[in-house]
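For clarity, chains are labelled A, B, C and D in written order, and residue numbers in each chain start from 1.
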Amino acid sequence: MKKYTNTGNKDTRSGFGAGMTQLGKTNPNVVALCADLTGSLKMDEFQANHPERFFQIGIAEANMMGIAAGMTIGGKIPFTGTFANFSTGRVYDQIRQSIAYSGKNVKICASHAGVTLGEDGATHQILEDIGLMKMLPGMTVINTCDYNQTKAATLAIAEHKGPVYLRFGRPSVANFTPENQTFEIGKAVHLIEGTDVTIVATGHLVWEAIQAAETLFEQGISAEVINIHTIKPLDAEAILKSVTKTGCIVTAEEHNYLGGLGESVSRVLAENHPTPQAFVATQDTFGESGTPAQLMEKYGLNAAAIVQKTLDVLKRK
Amino acid sequence: MKKYTNTGNKDTRSGFGAGMTQLGKTNPNVVALCADLTGSLKMDEFQANHPERFFQIGIAEANMMGIAAGMTIGGKIPFTGTFANFSTGRVYDQIRQSIAYSGKNVKICASHAGVTLGEDGATHQILEDIGLMKMLPGMTVINTCDYNQTKAATLAIAEHKGPVYLRFGRPSVANFTPENQTFEIGKAVHLIEGTDVTIVATGHLVWEAIQAAETLFEQGISAEVINIHTIKPLDAEAILKSVTKTGCIVTAEEHNYLGGLGESVSRVLAENHPTPQAFVATQDTFGESGTPAQLMEKYGLNAAAIVQKTLDVLKRK
Amino acid sequence: MNNSNQFVKNSFLFSLQRPFKTLFLTLKNLLPLMTDINHLEKLVIQVRRDILRQVHKVNSGHPGGSLGCAEFFVALYNELMEHNSNFNMNGKNEDLFFLSNGHISPVFYSVLARSGYFPVEELNTFRLLNSRLQGHPTTHEGLPGVRIASGSLGQGISVAIGAALAKKLNNDNKIIYTLCGDGELQEGQNWEAIMYAAGNKVDNLIVTIDYNGQQIDGATDTVLPLGNLTEKFKSFGWEVLTIKEGNNLQAIIKTMKEAKSKTGKGKPICVLLHTVMGNGVDFMMHTHAWHGKAPNDEQLEKGLAQNPVTLGDY
Amino acid sequence: MNNSNQFVKNSFLFSLQRPFKTLFLTLKNLLPLMTDINHLEKLVIQVRRDILRQVHKVNSGHPGGSLGCAEFFVALYNELMEHNSNFNMNGKNEDLFFLSNGHISPVFYSVLARSGYFPVEELNTFRLLNSRLQGHPTTHEGLPGVRIASGSLGQGISVAIGAALAKKLNNDNKIIYTLCGDGELQEGQNWEAIMYAAGNKVDNLIVTIDYNGQQIDGATDTVLPLGNLTEKFKSFGWEVLTIKEGNNLQAIIKTMKEAKSKTGKGKPICVLLHTVMGNGVDFMMHTHAWHGKAPNDEQLEKGLAQNPVTLGDY
C-alpha cells in the first residue's frame, strides 16, 4: 500500500498565505481584500509587500463581496479573505447576485472552516459552507487538505476565470502532498489504490482517510483513497470508476452530512450506479468549543470514525 | 388510480395569508413581521386586523430576523414574511446564529420561491433555499403544494415549538388537497398508490406529479406519488417503504438539483437501500424572466419532465 | 455647509461682483445649449413612452421609479457621462454607471438602447423568455451597457466602490456613477459601503439617491422613516448635494456637473435627487401604487397621450 | 441638546438655586454609597482576575475587550439592572441585557457567575469541551443568564430591539440593555437596527458602545474610521450620551442612570462608553494586541499581581 509521509505539521491557511505572497510577486492584477482578519488569514505578507493592492475593508463582509465584484471591472483579480462563516452564510446573497450570477472573477478564500477552528465555538464553526457554495451556478468549490495543496490551489485559482470558493482551516495538520505540485481544478487525486471500499475525503479529512486506510490494511481490508479537493465541479468519473471496482463508498468531510460532499456523491451514485455509502461528517448538529483533536473525535471526524464507517458499509455491500 | 380534482387555481401565498388571518384571531402570541412586501406576502389582512401585532421592518431583512429572534424572548411567536431569497440567502448568518443556534421559535415564511415567480427574473428566483435551510441544525423545512395545504401548514407551525422555514410561491396553481386538513409536520402524504416507480414531489411539483402519474398510467406504468411537504425532518421511512416496493424513484422539486430534496433522498437511499433515482429539478443554472408556465417548461419542472425522467429511470431499474 | 457657496469658492468667479457672478454662473450652467435641451426633453418623453410600453406589454415591471428617473438617465447618458457605447466590460478610460435599484430597469434599458448600446427594437423583448432584457438588469445574458446584476437591493454602492478603486489602481481618472433607491437605503450594506467610501477617500464616486419618498408598502415615512438623509451622509463623511427639482433636466445637469467638479477632493459625493415617482403620467404621480404595477390598455393610452410621440417608438 | 440640562428639568431640583442644585446633583449621583462603591471596585478587580485566569487556562479567548468592560458589567449587574438571577428565558418584568460583541464572553461569564446565575467554579470550564461556557455566549447549552447566541458580530442590536418590542406588547415597562463593539459598528445590520429603532420609537432600549478605538487588525481609525459616532447616532435620530471615563464606576453609574431617566421619551438611547482595551493590566492596555490573545504563565502572574485577590478566586 502506498505510504504518505507527514513532512511536518502546518496549517492550511499558511499555505494560502504563501500562495498569496507568491501571487503578489507574479500577478500584478491580483488584489487582496480582508475584513479585519489579516493575521488570521495570513495575508499580512501580501499586505506588507503590496500595500497598494491590499484593501482593508473593516468588519463588513457584505461590502467586501460587492467591492470585490466591482474591482473585477477594470481587470483585477480580487481574493477576499475572512473566516468561512463570514465568507459564505454572512454574504450569500451578495455572492449570489454580484459575483456568481454576474459571473465575476472573484476568489472567495475562507479560513477557519469547520469544527477544527476549535475554541471559538459554534458561531464560528460553519459546517454548511460547502453546501452553500456548491448550490451556486458557476461557482467552483475547493477544499484543500494540507499546506502544500492549499498553496498550489491558491496559485491555480488565480489562473481560472470565474468565481471560486477556496476553503481551508486553522489548525496545524499533516503536510504530506508534494511541494510545488500542480493543482488541477476538478480532478480527483488518487492517493491509495484499493479494491474493497472507496474512501473519498476532502480537506482535513484526507489525512485521516490515509490513516484509516492503513488501519484497515492491517485488518486485511483494501481501501482506495481519493482526495476530492474539488467538490464542484465534482469528478464523478473518478468516483464512479472506483465504486464500480469496490462496490461501496465512504465519504469524509468536515461538514454537515446534509448538503455537502456526501450528498453530492449520493446523487452521482443514485443517478449512475446505486451503491452503499456511509457518511463521515457531522450529524446535523452545531459544533462547540474544544481543541481540534477533541472535536474531531467527538464529532466523528477522524481516522477512527472512518474505519468504523468503513466496517459498517462493508456489511451492506 | 386515485384521482384529484382541482377546485380552482389559487396561489399558495394566499393560503399563507389566510392562515395568518386565522392565527391572528386564535393565537394572541402570534406577531407578524414584514420587510416592505406586505401585499406580496398577503399579510395585509393580518396587518389591518392587528396593527399592534404587525411590524413593518422596512427593507432590512437581517434586522427583521434579529428582531424576530428577540421577540421570542417575551413569549411571542414571530412570523417573518418576505421573498424566499431575502428570507434565506440574504440572512443566512442571522438565521443561523440568532434563530437556529439560539433555538428561537421563529417562523420564517417565504413567498416567491423558485422560477415560478416569473418575470422578475433570476435575482429573485432562489433555487437554493431548501438546501440552505435544511443544513441548519434544528430547522424544520416545509414546502407546501397548494392553497389549502399552505393554510394548514401555517396553522400547524404556530403550534410547533422551534424554528421553521415555510416555503410557498407566487403563481396561481391547482388547489386540490382537502380544505381544513390537518397538517402533520414531517409526515409524507401518500397521494397515489403505485408499483412501478416512486415519485416524490414537493411544492408546486406535487400537482405536476399527479398529472404525470395519470399520463404514465395511460402508458401502463403504475406510479406511486408521495407529497413530501416536509423536507426536514424527512420522512425517510415512507420513501424507503415505497422504493422497496417500486425499485426506482423520481424526485421533483422547484430547486437546484444540487443540495435540495433530491440529494437528501439520494442520501437516504445510499445509506439504506441503494436505488436508481432521477432528478426533476433545475440543472445548476440561474432562472430568468418569463411566465411561470414557460419557465417550468424550459427548466424541466412540469408533468412532461416528470414523465420523461420516469421513463429514463425505469430503464435503469 | 452650503454647497453653492462652496462651488463659488472653488471657482475663479469668487472674486467677481455679485451681479456678474450670477450671470456667469447662469451661463455656465445653462450648458447644454437650448437646442440640446430641447432634444433632451424630447428624449425624456420618448423614454417615458418606452417605459410605459415595455411594462404594459408584459403586464409586469416597475413604471413608477422608472418614470421618476427618466430625466436623470437622459442627462446622465447624454450630458454627464463620458462613455463609450461600444461596450467593453472593463470600461477603461470611460465613466461607468451602476444601477443599484435594479427594478427600474425599464428606464435603464430605454436609455441604453437610445444611446446606441443595443437595438431599440430589443425593448420589445423586455421580460420575455430568452431575452437579454431581464426583469432586473444582468450581465448574465450579455446585454451591452450592464456591468453588474442588480435587483436584490443594497448591493450597488459596494460594487461601484470596487469599480472606483479599480480605476484608481489603473490610473484611470474617469468617474463612477451609481443610482440607489431611497427605500433601498434601509439595507445595511449601503451603510457599510458609505462608511468605507468616506474612510478610504473614494472620491471618484458620485452616488445619486432617487429620493422619491416612496417604496413598495407606502411612503418611506410610513414604512421606515429615513430621517434627515443630508445629515446622515454628512455624519458619515460624505459631500452632499441636493437636486430639489429632480425631474428638471437643467437642474439635474447643473448640480451633477457641480458634483463632478467636487470629485478628486478626498470625499465621496452623494446627490439627493428629489424625484416624483411616476413623473410625467398624471395618474401615476406621487404614489407608491405604481411602484411595480403595469398599466392596462386604457391606462397605457392615457399615459402615451400625455407624452405624444417625439423621436419614434420602437 | 444638552443632556444634563434635560436631566435637571425633569427633576424637582430644577427650582432650586444653583449652588444647592450642584450639591444635590452630586449627592444624587454619588449613589451607590461609598461603601458599595468600595465593594464594586473590589468586584471589578476580581472580575479582572477571572478574565485573565479563564483565557490563560485554555490559551485562547479575548482578554482585551473583556478587561475594558469590567467596570461596565459590574455596574450593570450590580447597580443598574433590575434583574432576577433566578433565570427564566422570557425575563418578564425584569431588565434584560444582550451582549452583541460575544467575544468578550470572559467578562460576561465572570459577572454572571458572581451575580449568582451559575456557580463561580464553572468558570473553570471556559472554552472546554462539553462546557456551558462556550467561546462565545450561547443559549444552546443552557447557561443561565444568556438569552441569545452571539459571536458573529452585528446581530445584537436587532435582537435587543425585538426583546424591547416584546416588552411593550406585554406592557412590561422594564428596560433592554445591550453592548456592542465599536469595530462591530462597521457591520451594516447595526445601521438597519439603528434606523428602525428611531423610526419606531423603541425607547425602552439603551445601547452601549464599547468605544475602545480598537479592533483586531489595529485601531479603528486605521482599519476603517468610524468618524464622529455622536453625529452618526444623532443623525439617525437617537439620544446620545457619552461616558468619557468608561473605566470609572461612578462615571458609568451616573451616566447610565441618566440614560435610564431618558427612556420612555420616544427615542432609543446610545451611550458611547470610552474604555481602555485591556484596562487594569498595564501591558495589555491601549493596544489591539490583546484583543484575542491569552497571557502566558508569566504574563498571567504579572496581571494578577496588578490585581491582588479581593473576593476569592474560583
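In the analysis below, a contact is a pair of C-beta atoms (placed from the backbone, for glycine too) under 8 Å apart; a residue touches a chain by one contact, two chains touch by 3 or more.
Just so you know, these numbers come straight off a predicted model, no measurement behind them.
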Handout entry: Least hop count linking chain A to chain C through chains in contact
Key = 1
Practice task
Give me the chains shared as neighbours by chain B and chain C.
Solution key: A, D
Handout entry: Cα-centroid distance, chain A relative to chain D, in whole angstrom
Key = 38
Exercise for the section: Could you tell me the distance, in whole angstrom, between the mean C-alpha positions of chain C and chain D? Expected result: 43
Practice task
Starting from the mean Cα coordinates of chain A and chain B, work out the distance between those two points in Å.
Solution key: 30
Practice task
Name the residues of chain C that each touch 2 or more other chains.
Solution key: 138, 140, 149-152, 154, 186-189, 192, 195-196, 199, 224
Practice task
Pull out every residue in chain A that's touching 2 or more other chains.
Solution key: 57-58, 60, 62-63, 85-86, 90, 93, 96-97, 101, 122-123, 286
Exercise for the section: Pick one for the touching-chains graph, please: line, ring, star, complete, other. Expected result: complete
Handout entry: Of chain C, residues touching chain D in the complex
Key = 186-192, 195-196, 198-200, 224-228, 231-232, 234-237
Practice task
Can you check the complex and tell me which residues of chain C touch chain B?
Solution key: 58, 60-61, 102, 127-131, 133-136, 138, 140-141, 149-154, 183-184, 186-188, 215-217, 222-224
Problem - Of all residues in chain B, those that touch chain D in their complex - result: 31, 52-53, 55, 57-58, 60, 62-76, 78, 93-94, 96-98, 101-104
Problem - Residue ranges of chain D in contact with chain B within the complex - result: 89-92, 96, 98, 138-140, 147-152, 154-167, 169-170, 172, 188-189, 192-193, 195-196, 199
Problem - Contacting residues of chain B [partner chain A, same complex] - result: 85-86, 88-90, 92-93, 96-97, 101, 122-123, 127-128, 131-132, 134-137, 232, 256-259, 262-267, 269-271, 274-279, 284-286
